[in-house]
């Protein structure tokens, strides 16, 4: 099932570039993700106990001490690893690697062992601890392209698979293939500073693959050998 | 079988060189029917204390089932787990119970193969412990599922969706291993039970007679039957040992195959196995002491057994310390930042109380068990072995919960607080285990009568000239 | 005596299982009761194309249920003496939507779009059966995962791999 | 959405929309209801996008809303809109939860149990309007009516203004907390003083090489955060000339400060001094490449760099380094932000900052500061001006004196948003009849007799000229993206109908039949303009395109170069900051700041925004006080300890967040929580309103609230309340591990 990404030169590999030099930590991506993906709201008590459901969170790291203190933002979402630690441990294939380099999560196959959550070094997976509650008429907002997960299901960033699929189907209907930059996950679409860029890493002409070769690029926890599909660009430097 | 007639031992002859044999020969003066009576009588006499105990245990179990229902209805959030501590007390207790289950086969199969004679009276109790502990352990993979009603998706069955379980997942290995072990150990328990069922059948009437008649499978005690039984037990003893080693190795791989800091360790499999043996033997000793007292089996379970058991516990404990240290020192010297952080947390951080409880409760018993007085005094041995299991439970909690609280990105660290649901369910399995054991001890002869009788045939005193010479025969 | 009980039990078991299967089948393939006794057969025989009424599958995920206005577009003049058509006219006059009951459906966790299916040249009948012969519309297939995969896996490579991906349908 | 559709017309895939996953049996009765009359614009199951304008803050970003089967599903930025260029902030994304908020009022209501009873009785609109008309016409004198509004969309302001003028009443008083925090009024006054035009200037961050931001939280809530963030993106990594530098001057490291390259923790109130010192150094040492500084020397003749350095606690070396960087840059811009305006000496500081742009000759230049071109027609140029706090004070005085018989409140929540010390809560009790137009029962609406619940912005018509604008004239259009969910009515429509009921001069002033025809008339004046990005053949065609594009804007860049007034002929004023509260007794400066998610508290009823972590503290849902680690140590408190914050005007109990990026003499509290009313999500957060602490003092130059000029003291309570933070407290400061 899981195909080695290093071999698939011809296929698509979706990737997200996060330019840390542009990120202002404004949280627009967080709310866009909530709106797009029908994430549940857990309330203060549960959020305080680490049971929030954000698929993307912005880590804020302090550097130095007052007065020479700096804070850096780092948006972290599912890294869509090619060598994902979460994939082999799922007993029912609810999570697996698909042909387009996505670390897929099939909600209605999930039985809720939370093994993937334990195995994920980025802790990018979130769990539905309770039934989601959407007081009427907040249900009207739910995106019909995304299922509403009930209790006991693991979920995580999908790179907005529904938006990828939508563009692909529309492009196919028009008899063409999607252009670079046409597919935008909700976070990418809304990011005010364009700190997030989405595209096909295996297409040498795509914006992301060019940025991936930038001198500024790095991946999160590279020593773990997970080969993430999310590429970070260091902040505070000029990209030439 | 041996034709030697048991002879009355002479009390005043050779008092200094005889005590060991004296004990072994104690039963030799009993008639067969007396032994049968001694084993069966406590089963039939159920006093008020027994029913009160059963009532209390049942109440705890019922409460636990309510908590489980509550958990299923409202969701996993009613347990204390969170992100990043996705596994908590459930998995800890699961590992603990799997560990407990290891002593049964250890005692029974390994010692049977080694022909260690002192095992005879305690095999049944040990095997029952294996089966019941595994039943309790087997509940946890179900309990901790977020959607337990979909558990059957883990079972490979043909379907039109072309969907199979993922055999790469350690959870699948777990399921296979635990099922195999449960089936194997239950059969093993049952096989050794058949002659005693026949014995009990012949001594009872009413519902017990009907029950024993079915369970005895028409055992008559012919030479051929004995021969087959011995062969079957021999095969099982050999076959169950790899299973027994694999089960806890696989449980350890649940953790070790991930890249979670501190879980990702090569020594985990043997470390878990030896830890399981250590805690299992200790639990066995504790249980035997309690059962011996409550069922008045002092005659069968004698201090010589506890002495040997205590020695085994001590050896297992030393091995555990060795493996623990082998793992610890590598991590310590490896000095990976996150592992260093975890070690720091254990040694001098918020986890320190648990760490020192673990170390203390696992090492002090080893020292105590050096003393024969501790090994042979039931109360002292009970305290010591219970302490071991407190230590082992803490160790599992430290591994499962302590490690999950920390990970590679400090932003994502977390803390865990067990909820009433988790505690109730954990209490349910402890009570459930005790309840099964209690009921079992009233229905099934707790001491394997046929093994005792068989052993009794081995040791005799022969009069050679003027001397009384203790002899042991090869009978198996 | 024992044998008797054994066989009775066995027979009961088999009968029970068969009845269970049958009941689920009946439930799956039974035609739901509709607010108006509408016959596809009559309309198809009158030469109306599927896409005339269900107009959006080439542009949208859904095929679309015709609006009451569309029905009335013809039935203002055609067959307006029939009781069913008069029922329809009643809805139109009351400006009420007709509460049709869904015949073919996908569960909530499935993303299904008519557009790409029709795009590959499938006809309506492939999935919905010979609707033109049905006076009462009923489902002809159990639209479950196995049935979907049946076709998806028959596609040539590499399309089949893409279509066999869980994410092709699961949302 | 010109077709009239009733709710039940929409296809209801009832089960599909609401049910949870997984468990549904296959054979289930699902009713699908077709349209009776199919709307032209929607295809069942297919998304239709409507362009409109975001009203979550006054910036006026263009949005497109994805609607499926008549229900709004997602808001995204309008990619064509020149202001936000397809981007949107967290608040803009959360707009759906205004529309679908479960706590919305569903009718016009009257408080049946008297004011403050929170018992409501629905009214028919005709009844409610009759009631209002009767109240208006029975006024003894038109002066006995007052209209208090927030920063409303332009068309509503025009209608209100016309109606009030026709009735002989004073124009509406526009005042809300958001405007106060971003210093809209002082900024306008600064433009007036500096450029002679009362329009908010645009700071060209995108093209700038060096940006000095003095207390402007550019990428959070100040003015037009999305446009400024878009500019940041291109300034940082989108330019060929290299990566731009941002320096942030403020006492607390905001998220903007974190995105900046350097943060200078200036003493509160001393930002102007820093600007003066930098200016003095540039002029004195003839830095930069603009040639002679002779013209500017007069500006700084009284400035002593050392004194300024001592007063602001920024070292002379740093000042010199910064001056050099600012002057040497090809394009540099200094931005006087909201925190400056919230000081007692705010205006002087803002002048000093704006003067920096002058001495490096960046006024009107690319990468500098310019004014946006006004809208092409006169009618479109009329827009709400924010009033001063003194105007609000006068209103309160009149209310207390019993001179106001009828108070209309729209788009603002004075009971929450005004410092409690101003006494609005008391004053409103002296008004015999209060009418609120709020779609929610907020703190003020609780004291209204009649609530004529407005549509939410996604159900309303309107337009807005974004201010500050962008590099070209822009008019954003607002149109209903869904049919009104409930029996609410837009305030513009209510005013038109009120005028019709009142007759006479009122109906002459606003004679339109409905707001749509009013807007159409106003907008089609643009028809035929040669500037526009689109034009149509007919006025109705133009109206359609206007709605389709989400407004009108020029195809090309048109910047207006401002002229500087003779302010530059005089030395810049130097005013010492003043603070309320004795420094001995109240040792800390209070810095209330507007939260990224909740802004001034308006977002508090939207669960998405409540659950959005604050960027700097990562706290969700809560309210906290930020203390420097040193301060916390001195007080003997740590994270999550509850402290009592006391000012001479009020107290507040709140959890501590130990915050490395704040001056030790400053404590910061986010604004937005502590609602008594305003729906279940706003009330779910325990804690009280930090505005209760604020001293009601103003900057005498601008008469604007000096919201940063209160001193407080802290005392530990010994209790703890855990904040719902994303970040692990245990992991804090251990980043080197990862």
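We call the chains A, B, C and D, going by the order they appear; numbering starts again at 1 in every chain.
Here is the rule we go by: contacts are C-beta pairs under 8 Å (C-beta built on N, C-alpha and C of every residue); 3 or more make two chains touch, one makes a residue touch a chain.
Predicted, not measured: the structure shown is a model, and the values here were computed from it.
Distance from per-chain Cα centroids to the pooled protein Cα centroid is smallest for A. Set side by side, A-B and A-C show the greater C-beta contact count at A-B.
Centre-to-centre spacing of chain A and chain B amounts to 45 Å, using the average Cα coordinate of each chain. Between the CA-based centres of chain A and chain C the separation comes to 36 Å, rounded to the whole angstrom.
One inter-chain figure worth recording: chain A and chain D are separated by 31 Å, centre to centre, where each centre is the mean of the chain's CA atoms. If each chain is reduced to the centroid of its CA atoms, chain B and chain D end up 67 Å from each other. Residue positions 107-109, 144 of chain C each touch two or more of the other chains.
Shown for chain A are the residues in touch with two or more other chains, namely 52, 59-61, 107-109, 131, 147-148, 153, 221. Annotation for chain D: residues touching 2 or more other chains are 16, 19-22, 45, 726-727, 732, 735, 738.
Partner chain B is touched in their complex by these residues of chain C: 144-147, 149. The residues of chain A lying in touch with chain C in their complex are 96, 98-100, 102, 104, 106-109, 145-148, 158, 161-162, 165, 169, 172-173.
Chain B contributes residues 147, 337-338, 341, 350, 405-406, 408-415 to its touches with chain D in the complex.
Chain D meets chain A in the complex at residues 13, 16-23, 45, 68, 71-77, 84, 86-94, 96-97, 99-102, 219-220, 225-226, 229-230, 232-233, 236-238, 242-243, 253, 255-259, 261, 263, 265, 485, 596-597, 607-613, 615-616, 618, 620-622, 628-630, 660-664, 680, 684-685, 722-727, 732-733, 735, 738.
Those residues of chain A whose C-beta lies close enough to touch chain D in the complex are 19, 21-28, 30-32, 34-36, 41-45, 47-48, 52, 54, 57-67, 69-73, 107-108, 131-132, 135-144, 147-150, 153, 186, 189-195, 221, 236-239.
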